[in-house]
Structure formats: C-alpha cells, structure tokens
Amino acid sequence: MTQADVSPSSGGGSDAAAPVIGVRDLDHEYRPQRGKPVLALSNISLDVKRREFLALLGPSGCGKSTLLYLIGGFLPVQKGSISVNGAPVVVPGPDRGVVFQNFALFPWKTVRQNVLYGLEKQGIARKEREERASHYIDMVHLSGFEDNYPSQLSGGMKQRVAIARTLATEPGILLMDEPFGALDSQTRTILQGELLSIWARSPMTVVFVTHDVREAVLLADRVAVMTARPGTVKAIVDTRFPEGMGAEEIMRTREFTERVDALWGMVRSEAVAAGAGGRA
Amino acid sequence: MSAAASLFSRAAPLLILAALWEFVARAGIVSPGALPALSSVLAVFAGEFSRELFYHTWLSLVRGAIAMAFAIPFGIAAGILIAWYLPVRVVLNPLLQCLYPMPKVALIPLTIIWLGIGNLSKISLIFVGALVPIVMSAYQGARSIEQTLLWTARSLGARESEVLREVLLPAALPEILNGVRTALALAFILIVAGEFVIANNGVGNLINLWGQAGQYPAMFAGVLLISAAGFAVDRAFVALSSRMLAGRQS
Amino acid sequence: MTLRKAPAASSAGSAVQSEIWRRRVDFWGPFVTIAILLAIWEAASQMRLVTPFLLPAVSTVLARIATDFASGKLLIDVGMTLYRTLAGFGIAAICGVILGLLIARVAGLRWFFDPVVSAGLPIPKIALMPVFMLWFGLFDASKIAMVVFSAIFQIIIATWWAAHSVEKELVWSARSLGASERQILFEVTLPAAAPQIFTGLQVAFPLCLIVTLVTEMLMGGEGIGDTMLQNARYVDSPGLFAGIFIIGAVGYICIALLEWLRRRLLGWQAAGGASE
C-alpha cells in the first residue's frame, strides 16, 4: 500500500503515456445577470492520466463543477487551455461521457429509450444497439425495468439509468458531477460500491466531483483538493488502494481512516473559508 | 365511490341548474322572452332551425380549425426559435411584446379593411389571436428546460437540430400543451366575436339575428351549441394532452 | 441533499444565449423595434409604397390622435372603455376572490361549484352577449355584466387553487397559536395565497379589456371599440389605426401598472427566476 503522498500541483509523471486530459493555467470568471463578475477558478493546472480515477474535492462554490463543465466542453474556455487526447476542448462530445447530480434523464423516454439515445446518435446498427443497451441495463442491475419511465423510479435507480446511458456509448472519459449527492446515504454507499466494481472491470478515465471526503478517498486513485473560491488546486493526494479490494473492505482499513483524516484536515480550512464567502 | 357514482356526483350540480332553469321558466317567474324553458331550447335541435344552426356552427368551427392548424405549428416553431437563437429573439420578441397587450379583438376592424368580410379576415383574426399564447408558452417551455438535459444530449453526440427536435421540444411539451389549451379557448372567443361584428354568417351571426328577431329559443340553442362545442373541444384536448404526456410526472 | 442548478451556458454552438444579453434585449428590445418599425412604416408611406387607404402614414395617424385628443373625443372614448373595464374587473375581482376563498374552505360549496366553474371556464362566454343585451338593456349595464361574467370564472379558479395550495403547516401553526377560523382565512390563507391570486387577476384583466371592446363594437355607445368599428365602416383608416395605437398603449400601460402594483403589494415575495 502506498503512503499518502502530498504533492502540490500536477502529479508525478509516473505514467509513460501523455496525459489524457491536460489543463494549463486555467482561469474562469462567472458572469451573473446582476452584479460584478466573480472569479470562479484561478490558475488551474492539472493532468489526468489515462485510466485513472481522479476526484475533485472541495467545499461548495469552489468551482470544482465549473472545472468539470469546462473539461466537458459545456462552458467556453476563457483563459488558459484544456486539451483532451491532444486536441483542445471546444464542444461536448461522446468521448467525454457525463453523469449529473440531477440524473438528467429524458422524462418522456423509458429506461431503455434513454439508454438507447446515445447509441442512436452514433448511428449504431439496430441489433447491436439493443444488445448493448440490454447489456448495460443489466450491468446496473435494472433488468426488468426497461419499459418504466423515470417518474416511476427511485433516485438511486434513476442514477443507475444515467450511468448505463453514459457507459453504453463507451466513452474513454467519464465526467461525474456529484452523482450521488441527491441520494440518501444508504443508496449512496451501494452505488459507490457498484461504481468501483464497474470501473474495475472496464477501466476508463474518470473525473469525479465531490465534497464528500470519504467518497473521494474510497473511489479515487488521486484526489485534487481545491481551495474555496476562487478555486485553485491546493494539493493532489494519492489515495489508491490495491486492486481487487471491495468498497466495504477498503473502508475497514486503517489506511482509509488515516487518509480521510489527512484530507479532511486540508479541506476543513477551505470549507470554513467557503462558509465565510470565499477567499476572494 | 364507483366511477359511475362519482360521475353522477360531478354532473349533479349541473343537472340541478338545468332543473332550476326549466322550473323557473315554466313557473312563469320570468317571461319566456327573457328565459325560454330549457325544453323549448332543446326542441330547437329537432325543429325547423336545426339545419341552419348545425350548418353555421359547422362553418364557424371549420374556420377555427383552419386557423389553429396554422397557428399551432407556426407558434411552436416560433416560440422555440425565439428561445434558442438570439438574432431571432431580437427581431421577433419585441413584435410579440407589442401584440401581447393588444386585445386581438381590436384587430377586427383592421381585418375588415385589409381582408374584407369573408372567411380570410375571420380566419386571420383567430390565427393571430391563437398565435400569441402558443408562442409564449413554447418560449417559456424552451427557456425553462434543465440545462443538464441539453448538455447530456450534446455529450451523447446529438447535433444542434437534433437537440432542438428531440430534446427541447419534448421537454417544453407540457408548457406548449397548456398554451394550446389557452389558445383554443381564445379561438372560440374570437370565432364568436368576429361573427358578431362581421355579421354575415356563422353561429355568432345566427345568435345575434335570432335575438333581434325575437326567436329566443333558437337564440339560446345557438348559445348552447357553441358553448357545448367549446367545452367538448377543451375536454378532448385535455384527454389528448394526458396521452401525450403519459409516463411523465404530472 | 441539495440539487444545484447548473449555471447558464454560453458555448460556441448556437446554444441558449447568456442571461445578460437576454435581459438587455428584453428591456430595450420593444422600444428599439417599435421605433425601427415605425420608421420603416413612415418611410414606406412617404415613398408611396403602400396605399394610404390600407396603411396610412404614421404621421397621419399621430396627427389624428392629436386632433382627437384636442377635441376631447379621445378622452371620452378612453374614459368610457376604462370605466367599463375597471368596473367589470373590480366586481369580478371582489366577488371572484371571495367566492374562490369560500369554495376552498366549504366542502358543500366546492361540491356544487366545481363542475359549474369547470364547465363554464372553456365556453366562449361572449356568445351570451345577445342574451345579456336582452336582460340588461343596451347600455353600460349589459357591457359591465358581460365583463364580470367573462372574468369571474378565471378569478374564482385561481383563488380557489391558491387557497387550496397554501401549506397546511401555515394554517396549523396559526390555529395552534389561537387564531379563529375567520382570522385564519383573512390573515393567513389570504396573504399566503395572494401571489397566485394576483397572478390570476393579472391574467383576467386583459380579458376584461377584450370583452369590453367586443361589447362596444357590438352595441355602440362610445368607447374605443365603438369608434374603431365606426371608422372601419366609414373606411377611415387613420382613425382606425389611431384606435389601434391607443388601445395598444392603454393595454400596455395597464399591464405595467398591474405589475408595479404587484411589486408594491407583494414585495415580500422573492423575485421569480434564479439570479444565481
């Protein structure tokens, strides 16, 4: 087991391949209807390695979601650069799948139709579409619910549909914005475990936004701790656990508790500052 | 309560009113000139005026239908495009702001001068009147869509036109259907008002003529028929809306 | 367990544009576009691109408004129309709100009025105009009665709904604090339902104006509607367009006044729309 390793800014270049996502000197201003623009992100530089699970951890309002949206291409880059697989990010695309906190399911489509949507957009043949959809619906344990509408599902089930829908298009990168934030803690724990096993089976690059320290330590290989607004990367901490360990197993280790403590120490002062309205 | 019993319970107050109407008229509490008995009004539908009544009501409804057939697709498209594209919004929105406070009936005299007193002026009036609530509801519906739905669609590979057609439109549908319902009610008002003023045919004209000629049961029958039509169309539309929104949360 | 709304996007594609521009366009747009439209209109008239019969020049119309104003006709017309509209609206508002509140509270009334009001709402009540003329004569009484009849259904429903959706907890708190039923109705339910009721009134007002105009067109008796129809009959285009301008202005001002009144009376309600 590796020691908790605290290092500022971009992590060590242990991976020989170029980073999948490269963020350089990124600034971002938020411009509200009324009032002055607010600096949301300041001077962010970050690399995400291929197939790694990176968590963006920070208090509310620190801009972590904004950073995720920028990587996703949903917000325009104002200053600095973001590149994915060597190319600059301009618009959203199927190479970066996204899962939102509010599920964002199409309420007029059934579970199956939701999952099929991305596959239809990619022009995949009908037979293969149906097979893939069934496969992923099964992977999230929702077989039997294909013909239900989102309004008939619980929060946890809706999020599973959202995950299945995104995974079905087999993106290389998965962007998740506090996906379990709207769920009760029991459902959250279950889904965390499922996400871990899904990711273990078909590893892809994941950028995961959360404000929950335990969640970050549990799920991620590395955690980028962000400061209160304007957000910068305060530290990047290695939180990898050996392969094959399940969620419950991990949470019982001493290593886990120590890492959570260490990270919380780092986050706490930022959380207090955020509560007071940010550092800016 | 069984379905039949609850239906009866809902209809009961109306039946009570109907009975009251019949009683008041028959008992001579009011003169038949002011309120002919319900039974004599209903008798008109089987009497000498019935053909004329049905024909002209049909004419009115067809005009309304034609106007709505154009207003609905045009209004929905306009509303969504105004919400979506800034240049469209810049040009069309102020026009809408002008039309909105303007009571469309004020345009009746205008349509007379521009389009004469035929079908075209009446249809145009209904078209313009129905357009405003439809455009506004489509606009509001499009504007209030969850940002994450649009982002999800794009990230799944949808092109702009696909996002508009496959995501924005269905998401705005509940609001749009509300707007169409309002437009339908407004259309009926404009049908009748237009025919009152441009008095050459249609059920509105008949009601007026019969009133002036002292044919009160027939006049009331006309009022009853067009009212029933308005009610029936509304109910049918509500049923249709429920089907179109099946599965979603109400 | 809070759900955040994602901030507005302004990505490179033709997405829903940023909020700042939307507000600017919303506010200045009407004036700018009207000005441009009027300018084009005037230019077209001056260049004789349209016949003055169909579309008189803006200058002619404005001149006509001035003469009508000077002669006092404009004030009489506007006054009569406003009088009928406001009288009808006022009666409908008071009776409608009271009835709506009572329906929300008294189960028996609800049983009776629910089908009646639901049936009455979608029917074109203007169709009863000749009946009203029969009953109330040919002057203001029938016009105002028609306005009341047309608007009251909507107001009753809006009030009823608003009162119905007042959170139970508010009423329970008041009751446990010792308020009587009557006090609860006027001091808790009414203020809590006020925003929705006011919205219902805001929707009903233009309806009152529409109905007033139709009754004037149908029955005469001075007023903007009557004048406009006369102008149509005598093919007096400038007069007709003057009427359109006036009614548009009157409608716009009334709606703006109602909005202002809403802010004054209901200022305690948070402004609608996220300002995040």
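What to note about this one:
Here the chain labels run A, B and C in written order, and each chain numbers its own residues starting at 1.
By our rule, a residue touches a chain if its C-beta (ideal position, glycine included) is under 8 Å from a C-beta of that chain, and two chains touch if they have at least 3 such contacts.
Computed from a predicted structure; not experimentally measured.
The interface with the largest number of contacting C-beta pairs joins chains B-C.
Taking the CA centroid of chain B as reference, the farthest chain centroid is that of A.
One inter-chain figure worth recording: chain B and chain C are separated by 18 Å, centre to centre, where each centre is the mean of the chain's CA atoms. If each chain is reduced to the centroid of its CA atoms, chain A and chain B end up 49 Å from each other.
Residues of chain A in contact with two or more other chains: 69, 73-74, 91-92, 100, 102.
Touching of two or more other chains is recorded for residues 6-7, 9, 13 of chain C.
Counting partners per residue, chain B has 146, 148, 151, 154 as the residues that reach two or more other chains. Against chain B, in their complex, chain C makes its touches with residues 5-9, 13-17, 21-22, 25-26, 29-34, 37, 53-54, 111-116, 119, 121-131, 133-135, 206, 209-210, 213-214, 217-218, 224-225, 228-229, 231-232, 235, 237, 240-241, 243-244, 247-248, 251-252, 254-255. For chain B in complex with chain A, the residues that touch the partner chain are 146, 148-149, 151-158, 162, 167, 170-171, 173, 245, 247-249. Residues 69, 72-74, 91-94, 96-98, 100, 102, 104, 106-108, 110, 117-118, 121-122, 149, 151-152, 165-166, 169 of chain A are the ones that touch chain B when the two sit in their complex. Residues of chain B touching chain C in their complex: 9-14, 16-17, 33-34, 83-86, 89-91, 93-95, 97-98, 101-110, 112-114, 142-143, 146-148, 150-151, 154, 160, 184-185, 188-189, 191-193, 196-197, 203-204, 207-208, 210-212, 216, 219-220, 222-223, 226-228, 230-231, 233-235.
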